[in-house]
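You will see chain A twice below: alongside chain B first, and alongside chain C after that.
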Partner chain A sequence: MNASSRAIVLTPLVFLGCLYALNLVHSPAVTGQAGLGFWCFIAFLWLASIVALSGLSHLSPKSATLRRLVGLSVPVLFGAFLFFLWEVIVVGAGVPSVLMPAPSAIGSRFAASLPVLRDDFVQTFVKSVLSGYVIGCLSGFVVAIIADRVPFLRRGLLPLGNFVAALPVIGIAPIMVMWFGFDWPSKAAVVVVMTFFPMLVNTVTGLSAAGRLERDLMHSYAAGYWTTLVKLRLPAALPFIFNALKINSTLALIGAIVAEFFGTPIVGMGFRISIEVARMSLDMVWAEIALAAIAGSIFYGFVALVERGATFWHPSYRT
Partner chain B sequence: MKPKGETVLKRVTEDFMGDSGAQPGLSAEPGLASRAPVVDIQGLSLTYEAADGPVYALSNVDLQIEEGEFVSFIGPSGCGKTTLLRVIADLEQPNGGHIHVNGVSPSEARVRRDYGFIFQAPALYPWRTIQKNVELPLEIFGIPKAERNERSRRQLELVNLKGFEKKFPWQLSGGMQQRASIARALSFDPKLLLMDEPFGALDEIVRDHLNEQLLKLWDKTRKTVLFVTHSIPEAVFLSSKIVVMSPRPGRIIDVIDASHLGRERKLEIRETPEFLKIAHRVREGLRAGHSYDD
Partner chain C sequence: MTTEALSLPARPSPRKAARRKEGNAGPVFVVVLAIVALWYTGTILMNWQGTADAFARAGEARSTSEILLATMEQERPMLPAPHQVFAELKKTTIDTPVTSRRSLLYHAWVTLSSTLLGFGLGVLLGSVLAVSIVHVKTLERSLMPWIISSQTIPILAIAPIIIVVLGSIGITGLFPKAIISAYLCFFPITISMVKGLTSPDPMQRDLMRTYSASLAQTFWKLRLPASLPYLFTGLKIAVAISLVGAIVGELPTGAQAGLGARLLAGSYYGQTIQIWAALFGAALLASLLVALVGLAERFLSRSMGARPA
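This part shows the complex of A and B:
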């Protein structure tokens, strides 16, 4: 039997084995006191899953959609197996939920507190992160264009931007709360400060990315500053600008959550994490972390998708 | 070396005598403008300030180019041939001398969009399709969309790129990209084409093919072409006039007339005695230019 047919047979078997183990670990006789036999079974499943997944990753079916499906299934199954291990180890060994709650406990807590999570999401992500991100990136971009047009500003503004970027978020967050109050505008302000500089630096670098010949060409057409900017320099700067947008998408979420530790109304992801830690309900903290991870990944993925569409011509994306 | 230098010098004088028939500055009347030189250069010099002293890129250059000529500039690297072309295109500023392009200064000629410049590399914008690249100058000049499409279609047909309109530059071969850049330069119908080693990066077979196509294009469009190259066969094959240049300081040492080879030339012409005679004279000129620093 070759590797690929082995994988096709093994994968469903491992899947069934995992389901059985999950069922077993939640039965009262095993929960918290799993014996050696159970752990041997888990170890066996682990080995079987390695064989199945490596076989699956070598599979190359003829049809393009099937190939895509197989390519997608390997990371999904691998991630699912890691969650499975987490679940059976935490439940089987009876790890206290304060140290590490099981994924199922986090999941049920997530499902049970959807309204709270929704409010926190709206407060932190929609209001603070998105508004701060848009304002920070836009102002960084505009200042970069101005700095490009006025050379002395470039020499003056870049060190200043560097200085602002070097300020720790823990230092500026309380100041922003003093300036803009407890509600989301102060968090958005922190996000603006954090996202402004990466955008400024990347755009300034990107604006000089256009080649010498391409600029000479524009000069030979007697094209003015703005025509050259729109038709040549901005498109050439797009990879740099998207780089900043991606960096900022993760920076913004971190900034907004951390800023909520320094005074906030009784809503928000950072606020929830800080008080639920104090109340020892770690499953809620983990539910917020899961929410932040999902929101952050989708945000990053969306920016990366737009980047792919806008810079399809860049050597790293050409097909 | 033997008195080759003298012979060359004598030929130069002869050529300049022969060429100096048309006087610049007489183009007040539109009728006379066509007879004035397209490019008129007198005593042109250009010096760079480098770290280890001044570099004389161009020294006391005199040159007249008539309308409809195909002029090649040949010489070793550092002889100022590219610099001279860039001065004509107003991409470099000379330190001294007089230069007129179509009867006006290079910067006025540039603003009037009198010339199309073709660079060593295609310099096509990778985010634009071939058609959009050809239409780039037309967009900048504010020509309406319908006419843009019509002109780009016609130019792409002229350079044999029909059917590649919707492709992106990086999907085409080097030779096709350079042809697209020629179509782009032709799209706004400039009187003058300035070409700076356009085929230097291509292999010999592609280059031969493009040379033939370029000649046909020149014959068809009746444009004045200024062509920088470092290949003797290419220069002789294409040109009606060959300007031989020499470095340190960059200057013209010979101007060779090759118009008697005719306007329509086949690649086979390169084996004929007339062709070889001109090629020989170019080589002699290049050697004479070099003998000063050996």
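This part shows the complex of A and C:
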């Protein structure tokens, strides 16, 4: 039997086995006191899934859509299996929920506390992260343009920007809370400072990405500084700018959540995490983290999607 | 999602870097001067109201110039003047014994030790992951997307959970903080090392095959040396994030020791000068660590016979 047929036969079998194990582990006889036989079954499923996945990842079908489907299914199945292991081990071994709640418990808690999560999301993501992200990225961009216009400033700012990028900028959070109060403006200010420097450094680097030849061509067209900037150098800088936007999308969320550890009104994702940890209700904390993960991934994915549309000409998107 | 999430700056050649540094010293100096000037202006403007109010409450009539000087000598200013921060830095590092809990060096050491432990763990985890991803195709296709998307979630938000969970099963102190650092810094190491280990082009790998080199020989003699420049760019990012992880890891433990604890205690008691001093301490530590990695890079690449570009 070759690898491809092995994968095709094994994958549905492993899937059914996982469903059966999930069903079994939640039955009262097994929950918290799973026997040796159960763990042997799980270990067997594990081995089978490794064989199935390695078979799948060596598949290379002829049609492009099928190939893409297989390429997508490998990481998805792998992730699903990790969640399955988490659930089965936590429930089967009866790990107390103050240590590690099961994914199903987190999911039900998530569904049960949607209003709270929505309020936290609005406070942290919509108010702090988005406003700080927009202000930080815009001001980084504008300063980069100014620095590009004034070479002296560029030579002075760029090494400093690179230096600041290595510093623990998150430490300014208590100062910002002191200056701008407990509510969202202080978190937005932290996000502004965190997102400013990556944008500045990347845009300045990107503006020098246009080649000598293209610039000479613009010069021979008698194009002025601004025409060259808009028609040639900014488009050429777009990959760098989007790189900064993507880095910043993660940084912004981290900055806002950590800044909330230093003092907040009684709403917000960072506030909820720190208060629920103190009350030992870890399923709520994990629900909050799941929310942050979903928000972060969607944010990142959105920026990546816009990038794909805006820089369709870039080699990394041409097939 | 692409691996571009991590910016790996191109390595400038040493000679070019040196030339650029010479050319940049003047502008950088001017910009730094401008920042210090701005800072003093900010000190005066932001502390003006508080200082004037304090004098008015004491019933003392002061002239404008006296208030101006007093804005820079506040006990708990909105924005301390640079010389106040440096006085505090000097007081807490040189004038206080290292063993005292008031010494910034003591707190910096606490943070540094968990940073280094976490960095070590992260390097171990990151390089093991990278080596297995490069050699096992299944792992490359199943694990790599998850490693990348793990970075779109705010990892630092998990910090309190790790601290509390490990604390409740009796593991406290250095280790939980180090785990946070390790979790944060394995990613740049894995990504840059995978990039580096796959950087030898097919021609070079074919040459190794014509020598009938084994997998291990190809790894040690071709892939690993070729990956070093990439690895060190990743290591520099990793050591900086590792410090951030250690600082944030100190927040939920309730301010016992460390630079993060100094920040938190400062914000609880309104000790602005202490916050700024801790911030500068953290910045100094970060630049020291990055410089050390840079030094190790130069030493290692010279001993491995890299051509000075």
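Assume the second predicted complex is superposed on the first by the 294 of 319 C-alpha atoms of A that agree within 3 Å, B and C clash if a C-alpha of one lies under 4 Å from a C-alpha of the other, contacts with A are read in each partner's own complex, and residues count from 1 in each chain.
We adopt the following convention: a contact is a pair of C-beta atoms (placed from the backbone, for glycine too) under 8 Å apart; a residue touches a chain by one contact, two chains touch by 3 or more.
Since we're looking at a predicted model, the values are computed, not measured.
**Student:** With both complexes superposed on chain A, which partner does A:V98 reach: first (chain B), second (chain C), both or neither?
**Tutor:** A:V98: touches chain C, not chain B.
**Student:** Looking only at contacts as defined up top, I'd like to know whether chain B or chain C touches more of chain A.
**Tutor:** Ranking chain B and chain C by residues of chain A touched puts C first.
**Student:** Is A:N23 touching anything from chain B or chain C once the two structures are fitted on A? First, second, both or neither.
**Tutor:** neither
**Student:** Identify the partner contact of A:D216: answer first if only chain B is touched, second if only chain C is, both if each is, neither if none is.
**Tutor:** first
**Student:** Have a look at where A:I247 lands relative to chain B and chain C in the superposition and call it first, second, both or neither.
**Tutor:** second
**Student:** Answer with first, second, both or neither: which of chain B and chain C does A:V74 touch in the superposed model?
**Tutor:** A:V74 contacts chain C only, not chain B.
**Student:** With both complexes superposed on chain A, which partner does A:G263 reach: first (chain B), second (chain C), both or neither?
**Tutor:** After superposing on A, A:G263 lies in contact with chain C but is clear of chain B.
**Student:** Is A:S208 in contact with chain B, with chain C, with both, or with neither (first, second, both, neither)?
**Tutor:** neither
**Student:** When the two structures are overlaid on chain A, which partner does A:K231 contact: first (chain B), second (chain C), both, or neither?
**Tutor:** first
**Student:** What is the shared patch of chain A, the residues that chain B and chain C both contact?
**Tutor:** none
**Student:** Taking the touch rule as given, give the residues of chain A at its contact with chain B in the complex, in rising order.
**Tutor:** The touching residues are 211, 213-214, 216-223, 227, 231-232, 235, 238, 311-315, 318.
**Student:** Under the definition above, what is the set of chain B residues touching chain A in their complex?
**Tutor:** Contacts found on chain B: 89-91, 110-111, 113, 115-117, 119-121, 123, 125-127, 136-137, 139-141, 168, 170.
**Student:** Using the touch rule from the top, collect the residues of chain C that touch chain A in their complex.
**Tutor:** By the definition above, chain C touches chain A via 1-2, 4-7, 9, 21, 23-24, 27-32, 78, 137-138, 140-146, 149, 151-158, 160-161, 164-165, 168-169, 236-237, 240, 243-244, 247-248, 251-252, 259, 263-264, 266-267, 270, 272, 275-276, 278-279, 282-283, 286-287, 290.
**Student:** Please name which positions on chain A make contact with chain C in the complex.
**Tutor:** It is residues 50, 53-54, 57-58, 71, 74-75, 77-79, 82, 98-100, 152-160, 163, 166-168, 170-175, 177-179, 198, 202, 205, 243-244, 246-247, 249-250, 253-254, 257-258, 261-263, 269-270, 273-274, 277, 280, 282, 285-286, 288-289, 292-293, 296-297, 299-301, 304, 316 of chain A that touch chain C.
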